[in-house]
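Below, subunit A partners subunit B and then partners subunit C, in two separate complexes.
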Partner chain A sequence: MDALDQLVAQVQALSGSEQDVAHLSSLLKQADELLRTHALRLPFSLSSLHPTKHSLGYLYLLEAQSSGTLTREQSDSFLALASSFLTVCAPEQIRLAPDKFNSVCRRLRDQAMHLHEPMRAILPLQCAIRKLQPSSEYLTAIHADYLQMCLLSKCYKASLSILEDDIFEIDQKKTSLVPRDFLLYCYYGGMIYIGLKKFSKALEFFQHAITAPTTALNAITIAAFGKYVLVSLIQNGQVPPFPKYTPAVVLRNLKSCVQDYLDLANLYASRNIAEVKRCITQHEEVFKNQDNNLGLAKQVIASLYKRNIQRLTQTYLTLSLQDIANTVQLDDEKDAELHILQMIKDGDIFAAINQKDGMVSFQEDPEQYNTCDMTQRLNNEIHHIVCLAKKLTWVDEQVSCDHAYLSKIGRDRPRYDEDFDLVPQKIYTNI
Partner chain B sequence: MDGSENHGRGPTGATPEQIDVESYASLYSGHTKIARLHFIADHSNSRNLELEALRMALDEIRKGENTVLFKECVEKINGRLGPGYGLDQEWIDTVERRAAQRQEKLEMELNGYRTNLIKESIRMGYNDLGDFHYARGDLQQAFKCYVRTRDYCTTSKHIIAMCLNVILVSIELGHFVHVSNYVSKADQTPDVQDPVVLAKLKCAAGLAHLESKKYKLAARKFVDTNFELGSNYSDVIAPQDVATYGGLCALASFDRAELKSKVIDNINFRNFLELVPEVRELIHDFYASRYASCLGYLQKLKPNLLLDIHLYDHVETLYEQIRHKALIQYTNPFISVDLNTMASAFKTSVTGLEKELAALITENQIQARIDSHNKILYARHADQRNTTFQRVLQTGSDFQRETRAMLLRANLMRQDFVMKGNRKQP
Partner chain C sequence: MSSSSGLTFKLHPLVIVNISDHHTRSKAQTGRAGRPPRVYGCVLGVQTGRTVEIFNSFELRYDPVEELLDRAFLETKQEQYKKVFPKYDVLGWYSTGSDVQDSDMLIHKALMDINESPVYVLLNPTINHAQKDLPISIFESELHVIDEVPSLIFVNASYTIETVEAERISVDHVAHIKPSDGSSAATQLAAHLTGMHSAIKMLNSRIRVLYHHLASIQKGDAEYEHSLLRQISSLVRRLPAIDSPKFQDDFLMEYNDTLLMTYLATITKCSSTMNELVDKFNTAYDKQNRRGGRTTFI
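For the complex of A and B:
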């Protein structure tokens, strides 16, 4: 019985209880070299293992099998194997080897892209995320890959269940995560929300990407900022200033890399449609080819029309279609009518068009905030905020018990009267 | 030439009064008379007016010692007024000689006083030197000399004299920052009782504020000026000017209550307004909501005001502000206003009026909406309850977003999850 068969037997034997699995894990770590040399025989060994019961061993073998370039057939079979493994593997076991797990998932993604079938990777990766996460608040390295697959295959809705989980916990040990994964997660997440037209959530994600702590400017942040500018123009009509917790590196250097977007933002503020259109055609090279943002840029123009019409509702009760067309720089009455119809349908304004006179009368928002639905909505919001506040208190408590914090506080405080000394001068440091 | 000049005709077709140069000039004395006459000559449209002004200016210059100004004036006249108003080299030489002698004498005396270290004499010496330079038209030197007297002033009278001199020179130089400084210096001097002096200081302060476009402060200073001023400050400002500047600035910047208490019911200022009945009428018309008449007076006064050296670049702004105030005041008491009636009250077209009102509504100066179809303006008051609900929901979601972001960031930093520069990323 050679080394590989021995290993397989051990896997089969030691996959029972928790200590066994831990022992197995250390064995497997040492057996990495071994596995690579016997790569060709691995498919046979794999078939003798059960993906659920022997998840850990299966994982190592699978990973070793897929290292190196694969032929088309091999990719196909790997994809199938990996998909089924990911759907059925046992979470406790695979959590012992997060880096291997990530590696398998990454290979899965690579192969799916290689074969131009990103949709095949979606379900397996989704299961993989759920299995690796200790709780739904944890971010894993697989998040970014998963979102990328959803983007490429345009299955936006599928990713919603993952995206809607609020991420709070970043734990490198448990999930083997690197900062780049976080940035990619924010970036792809924002793009998916743009696809779903949920612009405010997209803004949130992009803002995470921009304000993530960093010591060097990177391409992901720049790309995220470009989209951030365009989406904030569409959603809010202006680009907010950088929040004060943006890393200094970003503040200093970002402006020079994104001059085109900032020009557009400035021209948007002037509310002149012709200028904005001109700016976009001028920078079309950058928007289209470099960043693939031309679609967004066109949406910016549409939003400017909307915003101008909305401003008219603040000043006029009724206005003729001709006047609207003139003020907003549309081509003619028909155009104005179409725009307004669309806006009424989308719920952006409340108005009625009188075709006989060619007049539009603007009405007030009929929302009176006195229905059951509204009460329900308010209740839900309050509930969310209370939960969030509880979490905040919990984190605060955690920090006040934190060793590093206490030692710093103890050192900096001046000597008080014994009675009022809440933190003893001498902190026990041999914890 | 100023682009906004009309050729002696107002927009309503009535001929505004042509400024009577002689009576205008008689209100002033000294340098400001000459400066004003020059300004009128430069900015007026009619040749007659220009020549008249230049003639009077040259006459006035001849009474003084300023040869540079004489030469300039003669150039402007360019021989158009005949032989009496040509380059009189003889006069120039005489004046120059006299001036050189006097300067030498003054400086020698001053040196003498300085070696003797008698404070009062040194002060008077510098003062005289300052006066001399001022008469010669060398304003920078005059300014320096007057400022030097400061170290030798002993009584408050001296200080006041010094401040007034500096203020005079600064106004002419156009350095209104200095004007403000020295006015406050003079105000802080104890024992200043003379109402004329106080009035002078108020006028100077008012002018400084006017130049820096602080119309409300300028108005306050002008309406507080004591009528005792009379023609005592004719080398800077005439009482008619106090009335005009004060009235217009007040109309443009005071609210209704302040206008009533500080201008209409102000007995002191009423005396000033008597001197310029048009301004008095127009203020009363505005207060009584007779807008057409008020705006009519304004148009009549406009060409003459554009010839005033202090007011000319503020006329447009002040007029615009007064007009806006009129519009806002008109619409204030009503729930709905027929734009046709309003347009005839303001003597303008309905379309023009609509545009003006739209601009004011956008700036949130009027709370109303325009029914463009029926040409009616409806007052609109924001629904507080709805706005509150909207704000609540907005604040709620903002809070959630911010807190989530903060918790995430806190965790990132706790784990030291920082994107480093040179490390090779997997």
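For the complex of A and C:
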């Protein structure tokens, strides 16, 4: 029998119990070369295998089949095969070969982009993520590809279920993840949240990208930082200082790469709309062509208007529309009225417009916090935080017992604690 | 051996506090050397029918060398107390120690001319954390025939603690101040919250018992008892005390305020853990030796 047919027979035979599958996976690893040489015959072999029962074998064959360049119908058929495979494969089997699985998903994404049909890849990739993850708290390499597809096809809502899972675990052995995937995940996640107008969550994601531990500055980090500046101007009106855990490399070098954004942030602080507009047109080339951030920059201007109006609520109880237009440097009353109406609808301010005499009276937040819904909400939040606190203490303990930490502490201690006997450093460093 | 006289004894906390105070003082006066000496005193109270209620006590002078009670002192004290509290009689005496001793019988007999059947209150000053009950025992004397010789022996009697409102305040005070010396606000708050927590826990467990009982009645395992159900129903109807919309609003507002405080507390705790974690992570993995806080952005 031909080597390939032998292999196929083995796949069919050994896909039963767990030990068989483990044995099969080692066999398949060795058979990689073999599969590549017989790439043309693979489609026939594939049809004799069942994607759910023989997931592992199917995976290897599929991967080998798609390794070369494909013609148009080939990529179409590959797309169809891969999509159906990803939706029905058996999770336990594919978890034994995460790197192959990742490369199949990557090929799927490439082919979908090649055919300009990113939407076809969304459902298969979502199933793939769920199958590869041991639990919903794990990050996989497929997350980044999936988010990219959602972005390209503008299906933001579809990605929400994946984005809203809090990630706590990163395990390279189980998911064969590289740091680049993590950075891409944060970057694309932030962009999707911008699309959904949830700016605070977008800020969180971009901050993760900036503060990820690294030893060299990454282009993704720089791009994320640009967007971070713009989104934080829109959301908070200022750019916060770097948190404690930002890696030193980022701290030193980032500012020099993003000078335009920093200028914009400085001018924003002056609250002068004409200046900000001028700055944006000045750097339009950078914003538009280099980073595709012109839309965001325009939103920055809109947010500046909003912020100026909000500041008025702190000074005045009532104000006429004409005065508002003048103070905020809007063109005329109608404009001011539109702006204020929009803000009331969004819940940014609480006010009432008296159209007869053109006066706007600013009011307090009517929330009294005396409803059962509020109790319910507070209760849920408290539970959430208590769970998070438990996780944090667990991670804290893990780090306290970590070898690197103990060795650094062991070295520092004799200098600062004279009461203690000399810490036996040998114990810590010879583990 | 327990008493067979059928008398019910009621002990007031003032007596316990007095005895303990007397013992502590003499222990402090003799210093740390040696065992603390035994202290002696008289107990006063009222006996109505079969109930003996012990209200108060005073100290007696005892000469350990001669093993004699100072009778003159006892008589003067007795007269003075009679003037202030005419109703109270000398009902017996007290002492400290872990168990009854033979010399006690002598004192007991000596007091028999004041009260024909005195009581003996014994306080055990050794602190035993495992023991949950009060270390106080009350003894009576009975005539028993042992080896064909009639003799007086001490028999244990059961007692209950009885409190007057005024005494409740002082007992409460003592119970709460005791855990810490120089209690700061934090420990007082902790003590207050612990008390509240145990009270609520007890309430919860009692309600659970009632609930299970009702469930078993519903299932048919227990019998349908009307009087019990009436009591439960009246208990349940006691709360809520008011039920108007204005009350609901105010109540919910206060409730939500407290919840907000708890929320704030949990967030603070979380942030502090996070801060420590970040510090540890930085010391462990950061190549530069950064000892500073946050670095500014511009």
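Operating definition for what follows: the second predicted complex is superposed on the first by the 395 of 431 C-alpha atoms of A that agree within 3 Å, B and C clash if a C-alpha of one lies under 4 Å from a C-alpha of the other, contacts with A are read in each partner's own complex, and residues count from 1 in each chain.
Quick note on the criterion: a contact is a pair of C-beta atoms (placed from the backbone, for glycine too) under 8 Å apart; a residue touches a chain by one contact, two chains touch by 3 or more.
Quick caveat: nothing in here was measured; it's all calculated off a predicted structure.
In the three-chain model built by superposing on subunit A, subunit B and subunit C fit together without any clash.
With both structures placed on the common chain, the touch criterion links A:Pro179 to subunit B but leaves subunit C unconnected.
Of the two partner chains placed by superposition, only subunit C is touched by A:Leu251; subunit B is not.
For subunit A, the partner touching the most residues, choosing from subunit B and subunit C, is B. By the document's definition of touching, of the two partners only subunit B reaches A:Ala216; subunit C does not.
After overlaying the two complexes on the shared chain, residue contacts for A:Gln368 are found with subunit B and with subunit C alike. Vertex at subunit A: the C-alpha centres of subunit B and subunit C lie 70° apart in angle, rounded to steps of 10. Judged by the touch definition given at the top, the superposed model places A:Lys306 against neither subunit B nor subunit C. Within the superposed three-chain model, A:Asn379 lies in touch with subunit C and out of touch with subunit B [touch as defined at top]. Using the contact criterion defined above for the overlaid structures, shared-chain residue A:Leu262 touches subunit C, although it does not reach subunit B.
In the superposition on chain A, contact of A:Leu388 is made with both subunit B and subunit C.
For the overlaid pair of complexes, the smallest distance between C-alpha atoms of subunit B and those of subunit C rounds to 5 Å. Contacts of subunit A with subunit B, set against its contacts with subunit C after fitting on chain A, overlap at residues 213, 215, 245, 368-369, 374, 378, 381-382, 385, 388, 392, 395.
Interface residues of subunit B, counted against subunit A in their complex, comprise 358, 361-362, 369-374, 378, 383, 385-386, 389, 392-393, 396-397, 399-401, 403-405, 407-413, 415, 417-422, 425-426. The touching residues of subunit C, counted against subunit A in their complex, run 248-250, 252-253, 255-257, 259-260, 262-263, 266-267, 269-270, 273-274, 276-288, 290, 293-298. Against subunit C, the residues of subunit A that register as touching in their complex are 213, 215, 239-248, 251, 255, 262, 265-266, 368-372, 374-375, 378-379, 381-382, 385-386, 388-389, 392-393, 395-396, 399-400, 402, 404-405, 408-409. The touching residues of subunit A, counted against subunit B in their complex, run 166-172, 177-180, 182-183, 200, 204, 207-208, 211-216, 218, 245, 311, 314-320, 323, 357, 359, 361-362, 364-365, 367-369, 374, 377-378, 381-382, 384-385, 388, 391-392, 395.
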